[in-house]
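Input: structures, listed below.
Paired with chain B in one complex and with chain C in the other, chain A is shared by the two complexes that follow.
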Partner chain A sequence: MSYYADIAISILILMTLGVSLNLLLGYAGRVSMAHAIFFGIGGFTAARLTLPTVEELGGVATAGLQTGFSWHWVPALLVAVVVAAVAALVISIPAVRLVRGEYLILLTLAFQLVANQLMGVLDKVTGGPYGLSGIPPIQLGSTPLILPEQFIWVMLAAAVVAIVICWGLGESPFGRLLKGIREHESAVASVGKNPVVPELLAFSISAAIAGGVGALAAFYYGSVVPSNYSLTYSIFIVSVVVLGGIGNLSGTVVGAIALGLLEPFLREYVGDEAIPWQTVIYGAALVVMMRLRPEGLLPEGFGPGRLLNWRGRKAPKVVPTEEEALARLSQDAPEVVTEGEAEPIVQVLDLKKSFGGLKAVAGATFELERGKVTALIGPNGAGKTTIFNMICGTLRADEGRVFLRGEDVTGKPAYQLVRKGLARSFQDVRVCQRLTALNNVALGVQNQPGERVSRLVLRPFATRTAEKRVRQKALDCLALLGIADRAHLRVSELSYGDQKLVAIARLLATDCDVLLLDEPTSGVDPASVEKVIDGIARLRTLGHTVCLVEHSVHFVQRLADRAVFLDQGAVIAQGTVDELMNRRELAELYFGT
Partner chain B sequence: MQPILQGRGITAGYGKRRVLSDVDIHVAPGEVVGVLGHNGAGKTTLLKTLIRMVPLTSGEIEFEGERVERVSSVKMVRRGMSITPAEQPIFRDLTVEQNLELGASGVSDRQEIRRRMDEVVEVFPVLGERRSTIAGRFSGGQQRQLSLGIALMAQPRIMLLDEPSIGISPAVVGATFRTIRELAQERSMSVLVVEQNVKAVTGIADRVYVLRNGSIVLEESGAEAQQREVWWDLF
Partner chain C sequence: MDLELLAQLTVSGLVVGSTYALLGVSFGVIYATTRIFHLAHAVAYAGAAYAAVWSADTLGLPFWPALVVGLVAAAVLGVAIEVLFYRPMRRRNATLLTIFLVSLGISVAFPNLLQLAFGPENQSLPRPDNPTYGLGSVTISRHDVATLLICWVLIAAVATYIARTRFGRSVTAMRTNPAMAEAVGIDGKKVYLFVFLIGSLLAGVAGLLFTAKGVATPTMGLQPTLTGFIAAFLGGIGSQWGAALGGLALGLISSWSALYLQVDYGPVVVFGAMFLVLLIRPQGLLGKAAA
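Entry: the complex of A and B
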């Protein structure tokens, strides 16, 4: 009995570590090769704190006798959690801000190797290569939990707590934000969200859980040894997540059971000589999996998460009509401009930009009038996209200023511009393919309490209520563009035209009054183009100021009130579209002479 | 006359992004056909689809009476089609001669290569005068001539040209296009040329198409197109 309970405990430990890593790997899309280190940091911290003091051991610290601070296990566990979280924060600040993709793998790999070495070297702290032993077991009342069949309940409870935390966070608006950052960091920033903080939080929450498990494992095994926290173990944890399914916690549970059973299975049925082969076996299993089922046994979005509507996979019960949506959205929309006086809302003053020796923009000055649709047009290479990118903060101008409602906003990052009321779309849409249309649009809604971990924990019911409002608003935005019936579908299931509409709906959800659209009709089939054009007309009805870059003059004629004509980086003319079309010299610039 | 190249209902794109929608196009032997359209309208994708570098979503392509949807681009070149890209149409680090030799990479007979090279040099004397110059040192206009020379080395029956006016000074645009016209006439070769420069194309084309957002919105003769005053709504 004890034998099986012991195996179950090691599987539960692996499972909890896998689940916590999946929060980082699956939801935030960040690969960490150092998860075993945080597991170890928790273990060593708890060990040092709970080991008996010198006095308790008779007043003499002799070699081989390991001493500590004789803490109760509960505070020691809590401190272990905090230390692991802080350690993760220290390593992740440079990692998240500066490093992307495979470099993050290398950086965490280096951290894993260095930290594991240090565990062996810093013998005053860690006890050296042989680690620390004699750690007292957990006491419940007066009973020490020494036997596996007693301790298993503690570990089971810990696993459940970890799953609840990771699942709760992962499926909350905070998790939605993480997934958004995972797929398109620039798009998340473009709807006013700071992409750095959520990732740091994911890193440290994931490490905190690993630290807690490390403490519990130390209490159970009675010893902590650096070699237990090696790179091999980190890779093992990553394998559990990848095999089970990245971004799916039930997959991790299955993966942990499958991989965790491998060793005892080999021992039982093949014999001890098979043990060295287990690395080969799980390596081979991973290779086969990557070929046959790269998303893992249980892919993201498959499992119990579907049962609850947090995720928004169910078709909306009531699809609002366009009129209802319009009525509700009008309350937050900017004031509609009455005909008459033109009033500038964005002023672009003498913007300049060179790339090497090429002057892309040589002093562009123009205005966007409030409530109007303005198009930037001109021949290929005129500098339209460059100017566009400088207005929305994606590209730094060499010289010149951009004013929004009279305030200088030159060079402000995208997420700050959104808070001031200016947001952009992307030519290549950048909608999150693995999120539903509704969740994509919900990313655009500002000031969501559910996106903050502290609010989720402290005011769970208030955040649920707020989330209902967020979802209603997102649905209204989709309804206004005529695609509310597809709100529950993953964006990857939608046509390209519908994806463009989702991107516009996401902009609408930001409540920004100035919207910049980058080639809204490019890549859209003729039938869907009409829907995009209608959608942009709706933005104007709501009182938004729109600026667009569009290569097709035909669409500009249908979409825009005003146009700014550019050639070789300079503004040649501006006025109503008809006025510009009637000027012969512009036609010559555009069509050649 | 039976067209040398014909596309029917061509729909193509990249992943979900649709670039061409139901495009019908044909080119007769010896005919110069222009495709005009705004930036991003799908002109380059049309050329790449015709020479089988971009897969079709649906539609048919016929070359010299044979269906070629499943033929690779390498085979299309061997069968007598050539393509000259808009950007970097030459091998910048190689000499002029090496560039031209690469154009005839399907031919193994050295004497035949020599013969073709002499022909090309006759059309573009500057290439003969500077055979061993590194091609990257050429001016934009000379590079454009070289790119046409590379295409001619394969002795194509139809040339696909992507924006030959790019990278050359406005003064030589006219001359370049006249050369293209003469080549087509002398060799009874067909040319399908894609451009944003309306004037340049309408001056030499027998027929033009206008492509807007992936669909053909106009087909008319070169002469009619030259008379057209307003182009805005077609772009």
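Entry: the complex of A and C
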């Protein structure tokens, strides 16, 4: 009995570690190669804190220095969690500037090897290569939990807690933000969200859970040994997550059971060679799985809930009509401008940009009038998109200034501009393919308490209410563009035209007064072009100021109040579209003769 | 400060740093072009060592022919990983993360296969004499001199080949803009094959240099490969001389650190150096800032 309970405990430990790593790997799309180290950091911290003091051992400092501070196990567990979380934050500092996956791989891989070596060297802290032993077991009341069949309940509870935390976070607005960053960091930044902090938090939380498991494992086994926290174990945990299914916690549970049973099973058959065989088998399994079924045993989004179809993917029960949506959205919308009034909201002053010897933009000056649709037109290479990128802060201007409501916003990063009321879309849409249309739009909604971990923990019910409002708003934005009936579909299942509409809906959800659209109809079929035109017309009805870069004259004529004609990086004419198109020299420039 | 000790540490740092430089270039050549975090690079390192030991032990080959067998093994293993695993995955538009996970699987399975086949114990080559020479108070062995020469001749050859020849420039083209490079008629597959071949050969040389003086163990590839990764990132991805400089710097730093710290702390110093450089100059020492 004890034998099986002991195996079950080791599987539960593996499962909890896997679940916590999946928060990082699945939702944030980042790999940590040092999960075993955070597990170990928790173990050593808890061990040192709970070991008896020198006085308790009779005042003799023993050779192995197996002494500590005689803490109760509960505070020791908490400190272990905190220490692991802080260690993760420190390690990821360089990753703040280099938010590219491979740098986190490099950093954590190096950290894994160095920290593991240090565990063997820093004998005053870790007891050297043989580690620490004699760690007191957990006491519940006056009963020490020593036997496996007693301790298994503690570990089971821990696994459940970890699953609840990771699942709760992953499926919350915070998890949605993580997935958004995973797929299109620049798009998330373009709707006003800081793309770095959530990832670091996910890394730190993931490490914190590993630290907690490490403490529990130390209490159970009574010893902590550096060789248990090796790179091989880190890779083993990664394998559990990957084989089970990245981004699917039920998959991790299955993966942990399958891989955790491997070792006891192999011990029966190959005896001493069980460990190398185990490693060869899961290494090979990793290779085969990634070649044949990269989504893992249970793909993301597949689980008991999905089988019953009760969460998220259901078509919305009530699809709001366009009028209802318009009525609700107009409460948050900017004031509608009365007819005849013309006031500039964005002023672009003498912007210049050269790429090497090429003058892409040579002193462009124009204004966007509040509540109007302004089109930037001109032949290819006129510098339209370059100007756009300079207004949005994605490209640094050589000279010139951009003012938003009279405030100088030149070179401000995208996410700050959104807070001031200016947002952009991308020519290549940058919608998150694996999220539903609704969740894509929800990413655009500002000031969501549910995107902050502290609020999720401290005020779970308030965040839930807020999330309802967010979803309603996202649905309204989709309704206004006529695609609310597809809100529950993954964006990858939508036509390209609908994807462009989703991107516009996401922009609308930001509540910014000024919306910049980069070629909203490029690559879109004619039927969808009509829908895009209708959609943008509704943005104007709501009082938004729209600026678009567009090639199609038909489109511009139907929609734009004003046009700014650019050629060779300079504004050569401004006026209504008809005025400009009636001027023969401009038409020739535009269409070529 | 003890000047004699400093001189001796500098010499040994230069020798160790040269192998790190070689490893940095070997990983850098692969990574810069393919963007694959090729953890299975360790396979070429350890594979070369084991092939050489095996051909000396079982086939009874003398020292030099055994080294040739080792080199061939490194090249075959590296190219096989590209052709059998990475290439088919790229063709199916696998993400870099998925390809990395395959690399991870290979890198964890291979040393254990070695252990199952050859046992966990140390293996060594029948090695030629290794006399030492004195230069004042500093001593240097013949193996050290050979290491210095071999590493830097190979690094210079690879860097020159990539910078000066037509095919070498197509490697740079594939690195900077693969779609454009293929549009103007560069065979991407061939370039990938080339970087894996060259990278694995260099890793094999490093593995053999190590085994010619020390011993082969199943997990021998991991630590040096990681040092190579660090060297390449430290120096700046895409620059051969950068990676070489990064490796040399790592060797010197970890050797000099022995003045103040126990030898066991060497890797910690290396990690610290990487941490600082990534913090202050993320694009690496000789790297160009990302656009």
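Some notes on this structure:
The working rule: the second predicted complex is superposed on the first by the 571 of 593 C-alpha atoms of A that agree within 3 Å, B and C clash if a C-alpha of one lies under 4 Å from a C-alpha of the other, contacts with A are read in each partner's own complex, and residues count from 1 in each chain.
Everything that follows uses one rule, which is that a contact is a pair of C-beta atoms (placed from the backbone, for glycine too) under 8 Å apart; a residue touches a chain by one contact, two chains touch by 3 or more.
All values reported here derive from a predicted model rather than from experimental measurement.
With both structures placed on the common chain, the touch criterion links A:117 to chain C but leaves chain B unconnected.
Chain A is touched at more residues by one of its partners, and among chain B and chain C that partner is C.
By the touch criterion defined above, A:109 lies against chain C but remains apart from chain B after alignment on the C-alpha atoms of chain A. When the two complexes are overlaid on their common chain A, residue A:318 makes contact with neither chain B nor chain C. In the superposition on chain A, contact of A:276 is made with chain C only, not with chain B. Once the two complexes are laid over each other on the shared chain, residue contacts for A:238 go to chain C alone; chain B is not touched.
When the two complexes are laid over each other on chain A, chain A has no residue in contact with both chain B and chain C. Of all the residues in chain A, the ones that touch chain B in their complex are 379-380, 495-496, 499, 519, 521-526, 529, 551-555, 557, 581, 587, 590-593.
Chain contact summary for the complex, chain C toward chain A: residues 35, 37, 39, 85, 88-89, 94-102, 104-110, 112-113, 115-116, 222-223, 226, 229-230, 233, 262, 264-265, 267-268, 270-271, 274-275, 278-279, 282.
Listing the residues of chain A that touch chain C in their complex gives 29, 31, 93-94, 97-98, 101-103, 105-107, 109-111, 113-114, 117-118, 120-121, 231-232, 235, 238-239, 242, 273, 275-277, 279-280, 282-287, 290-291, 294. For chain B in complex with chain A, the touching residues are 13, 16-19, 21, 38-41, 165, 170, 173, 196-200, 212-215, 230-235.
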